[in-house]
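Here come two complexes built around chain A, the first alongside chain B, the second alongside chain C.
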Partner chain A sequence: MADMTASDVPAPLAPPRLSGALAFAARRAEGIVIPLAALIAGMAVFSLFLLALGKSPAQFFELMWRGGFGSWFSVQNALLRATPLLFAALCVALPARLGLTVIGGEGAIVLGGVAAAAFGHWLSGLPSPIVIFAMGLAAMIAGGIWIGAVGALRHYRAVNETISSLLMAYIAIALMNQLVEGPLRDPASLNKPSTHPLDAAYRIGPIPGMDVHWGLAVGVIACVACWVLIDKTRWGFAARVAGGNVRAAQIQGLAVGPLIVGFCALAGALAGLAGMFEVASVQGTANASLAIGYGYAGILVAFLARQNPLGCIPVAFLLGGIAAAGGLIQRRMGLPDATILVLQGMLFIVVLMSDTLYGRFKVFNPDRWKRAG
Partner chain B sequence: MENDIGLWGVPLAILGGAIRVSTPFIFVSLGEAVTERSGRINLGLEGTLVFGAMAAYAIAVETGSPWAGVLAAMVAGAGFGLLHGWICSFPRVNDIAVGIALMLFGIGIAFFFGKPYIQPSAPNLPAIPLGDWSSLPQVRAALNVNVLFLLGAVLAVALWWAFKNTKIGLIVRVVGDSADSARAMGLSPTAVRLFATAFGGALAAIGGAYLSLYYPGSWNERISSGQGLMAVALVIFARWNPLGCFAAAMLFGGAGALGPALQSVGVTQGYYLFYAAPYILTLLIMIATSSPGRQLAGAPGELSITK
Partner chain C sequence: MTDLAISRRSLLKTSAAGAALGLVGWPAFPTRVRAAATTIGFIYVGPKDDFGYNQAHAEGAKALKALDGIELVEEENVPETVDVQKTMESMINLDGASLLFPTSFGYFDPHMLAMCKKFPDVQFRHCGGLWDKSKHPTNAGSYFGYIAMGQYLNGVVAGHTTKSKKIGFVAAKPIPQVLNNVNAFLLGARAVDPTITCQVIFTGEWSLAVKEAEAVNALVDQGADVITCHVDGPKVVVQTAANRGAFVCGYHASQAPLAPEKYLTGAEWNWATVYTMYAKHLLAGEPLPNFTRGGIQDGFVKMSPLGPAVSEPARKQFEATLADIRKGGYAVIKGPLKDNRGKEIAAVGKAFPETAIELESTSFLVEGVQGSTS
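== the complex of A and B ==
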């Protein structure tokens, strides 16, 4: 190697700019075309399901469009429902970069909501910026500890994170029930035990010009920030290396343990924020309504977005719109409320099946386009 | 009062509760043990369990026979298992993720078709009163044992024996330990795993049938509290040994019975935390039995979850 001169190094083929762009587009297109095709295939399977039941798929999708996307009113409804999904999806997508499948975001959402409600009540009387900040911080700490612990158990004890996170979610819900029925209960809440309702001054209102609360803006910013973290920073790079091969990362001198715990804690903290916004903007109090499956829908969002934080934004909007149309579909078509769950399940299965297609199509191979140029 | 046995009621209620509560754990964990021994993990058994509960209840309502319900649940559960096994047979498809998807799908479709069956009541599975020798009603209640529990116990022994002594048991173990050696022996790992997953699904659905047809004995959307998932953790704790699965299921059943047992003697503080006891126990057991340094003893070599 020492006597090698510059002239021995083969000069890189300078491809024309066009073919370079095509190669770049081909590489990116695979990650967009295949999930979209899977989405359409999933909808087709669901259409067959509806046909088998004697229902009209055309009517279903027409109602879905009307209830979730067709008007400013329904778009706002979709965005409102997409908001917790953004945070819940990040709770899956961040650990995924480290090769971890964390599916217990529901627990962090629930505890984040309870922590926010508790601090909103305890600090009542203080100026609202301070209280809202404290609520957010408490929610993030509660959620961060919960999922951070999952990461720590994974790294230091080799406890499977998929199972432990789901167990932790069940424990979190039991903890919420205990707190909401016991020490944090508002005696005035009779039928549905809840925490003390949040003072109006500490509620987080809508973004000007729309009916959707600030959680949406925070969620979108969080997605962009997570994308930057993963794609543009050395921590993100280290996480991807560790996700590919833990031993290689350790040989490189990367602190894999802190990396795993840190990413998981951040993921949980974001899920905790979802709970905080549910309490501060939607419910006004913490109760069993916090555990209505946002965490599980978030898993689907993250997998559909192929664990890409930026991809989570449109996918959350799509699933939010489908959920927003749920009521309309139930009433007009006489279908049970679980219809949306069935559709989600079918989409999830088909999208996972599409994983087998990556790398199979020559169209998406960048080299093909380079050579063509 | 002659029948008042005071605090002795607590361990007795826990024993009775363990027998009652453990049955779904026994079936799901035995099924999952077979699937995992073949080198694949099916996290979707929670969905299979819920769908099995719905299917069993619906068929029992329609036919008037709880056993027809159990049979229907088995068929449906095997179908879910085949679906999981089929999807996982494609290259680069992750069995854990498919399990999560099937869990959500199974629960969704069970709620979808189960809506009309929340109201009607189905005939229950029969129980055998093994406590008739005693004059104490608490003992009689604790030893009123369902037929499925006894079947589960027999099945645990049978599977343990079959893994050791039969050709099928050997085939499943070989496929689970090394797909390459299995191929060298002329076996098809994909086919073996397909059947092992279908078998596991059928057993998990029996666990669901027990929930809706015996204890608690009704169908609603809160029928399962994660038994299907805990059973997966339990299999790891039991080191993939069917007899261990049975013992662990009894332990879990006892933990699940702790809350109601304490409530029956007047302890109501912390009810929800006692309700969480099985989850906490599962987690503690997983922490205690896992180790970062070595592979778990007895783990099938091909299993993604322990690699």
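== the complex of A and C ==
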């Protein structure tokens, strides 16, 4: 509303610096106000759903606050669950800047985990910094090859990347099962086939003072780095140009092929790191628990964040908190686990629909203020 | 003066009591009720109404509602990741749980063990028989049942019912527990007719509806007319088989309501026995056993009531075998017996009762089972 009043003031009268700052703030505000309003609208729709079930929305959101955000325990719970989502979301957000919809991050996570576990076992005996570095590298290479291949198929063979990445995720899970139940299996893991357990020295522990492992810090750094890459570097600029119009980018002489393959490979490498942290910080071994849908949850995060790597951080935290509160809601309200999925689904749809609102509000568009005045 | 003093004192007492009630009793009422009861937490890897593994545990948990002083908290669909660790912590911190049952096999290591260390005053009991005195903390423990004997009884009824002499098994993964069930199912059928064969199909996952349905269709196409399974939720297998006209034997819980005409019998967990035992120990303030196992004779496993399609000879042999099993020490794997690659498993006179430690690392399929573990 303050912006509206500002728009009524003739531009020449306002000090140029202030109006510049206002215009800047207004432009930035659009990307924050619309998703927030969409979230609130989604929750309102969900409240109707709860009322139809005869449950209290007030109790639901109170429990959601308490279980996901209301105490230090809950916040750590949310952050821990957000950690793999950060990497998984980047695996969607990076290719999205090239106009690609990659939804198969799950495959890169799973293979990253297996590669990390394998190298952790093979290099057993070496100093732990070397082994942990090698595990991270192996995970990134495995994930990078997997999603890089999706990019290559897209650019060089015109295979739809959405379909191929999804199908390759199934192949990756099958490959993981084959390796974990076959050559990489720890013979002692009888009823839940797993790789050899990682030596305690190669486990990655919690961040000091927290109950959350270092994956969180690395994930946040990765989000910031990806934002810098996309928004502040010439590669990011080239990617955005290619994402906007491939032909135009080619006419400009941009190396579209390497850009697509490179961004996809980077996206896959980051997803691979999620798998590595699952192995090194959570499970201590690679097994079927790697494929529990982090890759797919990441799609939701990236879309809610409108493919903005920085936006992935709060969105992952929000979804982590919702997931963290899910258990409490089940226990206290007698609602099935699917309730949380319904909430996620409603938020997802409302936020996607809100995409059509961009550019429609004069408030956020300083160029149109003057005409209005 | 004295009178006044006494009345003042009693007045003070009464008002103090009233204030105490008002301040402590009333506003804190919900918390106090919660704390007064002993809270037991159950965690399931899938939905509580899956007609299978999780439903069997949820039915067992429900039996505790009949006990005074027990409050039940339950959470379903909890994956075997940090999620389950946080669920356990949340049940302890927010619900005040003093005994937890994380029921899925994969919850044990590292998740439950990590929580055992973090909360030494809370008791944890895990379904699966992994607890080892020399390796694991004393506030942890395991319970499990010998359910292969139930699959053997399934096999006896299947052996009488099959006309094609081919029976089918939809299995999740070639791990020892599953292989014991497949072997027992066929050996039960062969106790009726030694020419019967069993085709096994591994889906590779504990819960993968599409593949389970495909597997049933493939088995029926190959001539199998009695089907059973070992997957987390047998619903799809039972319904698909019944739709194709095959008879079914259940597993984990009763699937009779899904196919009342085609359901023969089923090997069911009877976790109520185990959970009631633990809860009673807890209420009495006694230490909980760390390691508990049992079979049909101990009430850990039960059979679904026989369905309408079960013939009279089948019923007789079923009941006779059941009575033998109840005596204890019954062996399904006994010599002479070969695996399906021709290698000898048990020489003449050698027998492995259900309690045999060797059966915990079974890696073979017995002769007559068509399928491969790798």
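General remarks:
Operating definition for what follows: the second predicted complex is superposed on the first by the 352 of 373 C-alpha atoms of A that agree within 3 Å, B and C clash if a C-alpha of one lies under 4 Å from a C-alpha of the other, contacts with A are read in each partner's own complex, and residues count from 1 in each chain.
In the analysis below, a contact is a pair of C-beta atoms (placed from the backbone, for glycine too) under 8 Å apart; a residue touches a chain by one contact, two chains touch by 3 or more.
In this text, all values refer to a predicted model and were calculated from it rather than measured experimentally.
After superposition on chain A, the partners chain B and chain C are seen to clash. After overlaying the two complexes on the shared chain, residue contacts for A:Lys192 are found with chain C alone; chain B is out of touch.
With both structures placed on the common chain, the touch criterion links A:Asn177 to chain B and to chain C. Within the superposed three-chain model, A:Pro336 lies in touch with chain B and with chain C [touch as defined at top]. Ranking chain B and chain C by residues of chain A touched puts B first. Once chain A of one complex is fitted onto chain A of the other, the partner contacts of A:Ile163 are limited to chain B, with no touch recorded for chain C. Touch criterion not met for A:Asp367: it reaches neither chain B nor chain C. Mapped onto the common chain A, chain C and chain B collide along 236-244, the only clashing stretch among 74-82, 236-244 or 326-334. Contacts of chain A with chain B, set against its contacts with chain C after fitting on chain A, overlap at residues 174, 177, 181, 336-338. Contacts from chain C toward chain A in the complex involve residues 47, 73-83, 86-87, 89-91, 93-95, 105-106, 109-110, 128, 173-177, 204-205, 360-361, 374. Remark: chain B residues 43, 83, 87, 90-94, 96-98, 100-102, 104-109, 111-112, 115, 225-226, 229-230, 232-233, 236, 270-273, 275-276, 279-280, 282-283, 286-287, 290-292, 305-306 touch chain A in the complex. Residues 101, 103, 153, 155-160, 162-164, 166-168, 170-171, 174-175, 177-178, 181, 296, 299-300, 303, 336-342, 344-346, 348-349, 352-353, 355-356, 358 of chain A are the ones touching chain B in the complex.
Across the complex, chain C is touched by residues 66-67, 73, 77, 80-81, 174, 177, 181-182, 190-193, 278, 282-284, 287-289, 292-293, 323-324, 327-328, 330-331, 336-338 of chain A.
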